[in-house]
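Quick notes on the structure that follows.
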Amino acid sequence: MPFFEILGYGFIQRALIAGTLIGLLCALLGIFLVLRRFSLIGDGLAHFTFGSVALVLLCGVSATWVTYAAIPLVLIGALGILKLTSSARIHGDTAIGIVSALGIALGVILASLSGGYNVDLFSYLFGNILIISRNDVLLTAALAIVVVAVVALRGRAFFAVAFDEDLARTSGINTGRANIILVLLTALTVVLAMKLVGIMLVSALLILPPVAALQLGRGFLPTLLLAAACGILSVLSGILASFALNLPTGGTIIVASFLLFVVAALVGRWRRG
Amino acid sequence: MPMILLQAEELHIAYGSTDILRDISFQVRTGDYLGIVGPNGSGKSTLIRAMLGLVPATSGAVRLLGQPLAQFSDWQKIGYLPQRLSFANPHFPATVEEIVRLGFIDKHGPKRRIDASEARHLEEILTRMGIIDLRQQLIGHLSGGQQQRALLARALVGRPALLLLDEPTTALDPETREDFYAIVKELNRELGTAIVLITHDTWNIGQYAKRFVYLDKTVIFDGTFAEFCASAEMTSFFGEHSNKTIYHHHGEHC
Amino acid sequence: MKGQLTMPRIFLLTLLLIGSLMLPACSKPESAAPTASKLQVVTSLFPLYDFVRQIGGDQVEVTLLLPPGVEAHSFDPKPDDILRVNRAGLFIFTHKAMEVWAATIAQSVDPARVTIVDASVGTQLRQSSGHADEHGAHGHTANAAAIDPHLWLDFANAQVMVENIAQAMARKDPAQRDLYLRNAAAYLARLDALDAAYRTALALCKQRTLLQGGHFALGYLTARYDLKYHAAAAVNPEAEPTAATMAALVQQMRRNNLHYLFSEELVSPKLAETIAKEAGGSVLLLSAAHNVSKTDFERGITFVEIMERNLKNLQIGLECR
């Protein structure tokens, strides 16, 4: 199929638009998550979504709306991760591991207790960027606007918190609130992005573009902008490459973002000498 | 009478059933230079963190600039240099200038924009700290001493009335250490900035601090250098050879 | 700090949640104690379950392991399931390519007690082409040798499976031998009639190409009735369709003026809807019968009913007279 002809299809155009937005969303949030050593929160929340969806299905919510109905539970899961980290002697990655495992376990138990569903649970959980609906695109756009606005207004505070939480608090930043905003936005992004692009892609997009930007960035603002650019570039080049080479789109996006990271690491090393 | 900047009243901090600090009451006024000494585990860092609301008090109260901690919002007036930074990533994407700029604070936290006079002040501080040439470097790429200067610059750029320093010189070589203390001393003398300094650095403390608190879960001693030299606590802290260890700022020693 | 979700509270909530779900499950009478005299049969997938039901009538206790709505490839048996297999007289599964877990369970039982039945013995197995093209003219890939496990969709295969099962049941429970064989013969005739109905109905269709906006599951059916078959994705449910495959399906619908795209029941129809909408058509549901929805299962739906429902939708979609 000729390359340019394929761009004429509506589902391809929606994939490109939604992909750009998701790449941007994930990169903007991911940079703060990576710096806070919360990189795996995407994975953890996606697993927790599995349990939440199982529970919501059990309550008889129709299949079309399950992922959205699960959002409040996933938000609670995100706060749980945060609470675990701030209390006791538990690191971020450990807290994520706990919530992630709990989500899977609950999902498996609930699926078994329910004695079956009217739909295949997994096929509703794992998305594909090529089958995004118009409403999904609009919802993604709305979330992207919120995230861009929050980062524009409170980015400096997030940055200060990532640098040192005590210093941030003695600068008059409500660090508790900043953390809550960050994980809640991440939870929303994960649920939405997971439905659109699948579980593995969310996690990779939250990690790889920010880490690529960290190889090159000379300061905070350049790194943030670079991460956003890397996120968008990964998704767009991944989608286009998958058309050109006739490969599954989700996997190609991840490989593209990994290659981008490798290039960034090499350039970074070369620049440092 | 100089203004009371910091006031602890019957401060008590416990984790579970273990007392970390008990019955702490003292004041810091404009122009003070207070050295807090005490053995390891005596609660020095906890005390300074409690003063800033980073550790919740079990009972008692702290007032900053006359206001209870819960209502306090004038953070630009307080400069804090923590003992250890939580960031350990040498590639943390922040330049020296970006970190120092975080010291300009309004009621929402670090300011998003600074005006021309603030920009000039930023330059002055960077120059005075000797890190003006490093302003575009990543903070993680600097040496320990340079990092400490950058963080001191961050604490100073908002023109604080009170500066809290938690073992600021542990990572520094003796020469850089001298330098660091000289800067702090100058601030205290010229601008009247009140200094609260926690240190193990027994050689220098007597040389700079005007007043001492000897802490061991509670305030055991609070007084001037001369009084401190005469006290039994000093001997217990510094040992038999204390007279060789601690010097007054006029060059005399105990 | 009031009103905050503290960890103990979260754990308490979770425990309550699990507890409240478990209570009814625990107190549910486990369909009484199995009557000792009746033959106990455990099957892995729905078609086998229904075949046993048709052959044994009320003389057997049959259990379906795969819960309704759970994907056959990713099913994880519970301790109770293993126990049930170990207590049964017969354990019947389709093919080791379909239910890997069934083979694992089969290895763990006492062969003197439980007879394991591979229902696929003697059936004609199709290779599933790695690519989603029935004739495999293009796109034979590395995994081309994989077997399409939906073998019951060829009714001749279904008949072989029924015979295999009937023989095994007769051997295990000789007292009811005559009943089993009589019922089986009647059911084989039902399948013959079903086959004839398909052949007649599908002979007169305007369209000869079945387009599926999902996984390649109906290969046996289309091969038997000489239809062309294009699916958006390969047999393996984990495989993702590529943009080019999707675009090709859209073009095919437009070029041949097709108004319907088929999608598998239970699976999210989003992929099919996206393609169909792009081409200005709509989606019809088909079932590969390996699994049924909870509602259908509780209603006691049969394999033949499912296939009759499929035929109705095929007649609409292929514009048959």
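Note that the chains are named A, B and C in the order they appear, and that numbering of residues resets to 1 at the start of each chain.
Methods note: contacts are C-beta pairs under 8 Å (C-beta built on N, C-alpha and C of every residue); 3 or more make two chains touch, one makes a residue touch a chain.
Quick caveat, the model's predicted, so the values are computed rather than measured.
**Student:** So what shape is it, when you link every pair of chains that touch: line, ring, star, complete or other?
**Tutor:** Graph shape, chains as nodes and touching pairs as edges: a line.
**Student:** Based on mean C-alpha positions, which chain is nearest the centroid of every protein C-alpha shown?
**Tutor:** A
**Student:** Please work out the Cα centroid separation of chain A and chain C, and write it as a whole number of Å.
**Tutor:** Measuring from centre to centre gives 34 Å for this pair.
**Student:** Any idea how many Å lie between the Cα centroids of chain A and chain B?
**Tutor:** Chain centroid spacing, chain A to chain B, equals 40 Å.
**Student:** Could you put a whole-Å number on the gap between the CA centroids of chain B and chain C?
**Tutor:** 71
**Student:** Which residues of chain B are in contact with two or more other chains?
**Tutor:** none
**Student:** Going by the contact rule set out above, which residues of chain A touch chain B in the complex?
**Tutor:** These residues of chain A touch chain B: 35, 156-157, 159-160, 162-173, 213-215, 217-223.
**Student:** For chain A, which residues are in contact with chain C within the complex?
**Tutor:** Touching chain C from chain A are residues 1, 5-6, 9-12, 15, 55, 58, 63, 76, 79-80, 83-84, 87-88, 102, 106, 108-124, 128, 130-133, 239, 242-243, 246-251.
**Student:** If you look only at chain B, which of its residues touch chain A in the complex?
**Tutor:** 49, 52-54, 73, 75, 78, 80, 82, 85-87, 89, 91-95, 97-99, 102-103, 105-110, 112, 136, 138, 154
**Student:** Show me the residue ranges of chain C that touch chain A in the complex, using the header's touch definition.
**Tutor:** Going through chain C, the ones touching chain A are 4-7, 10, 14, 17-18, 21-22, 25, 67-71, 74, 76, 78, 237, 239-248, 250, 266-268, 270-271, 273-275, 277-278, 291, 293-295, 297.
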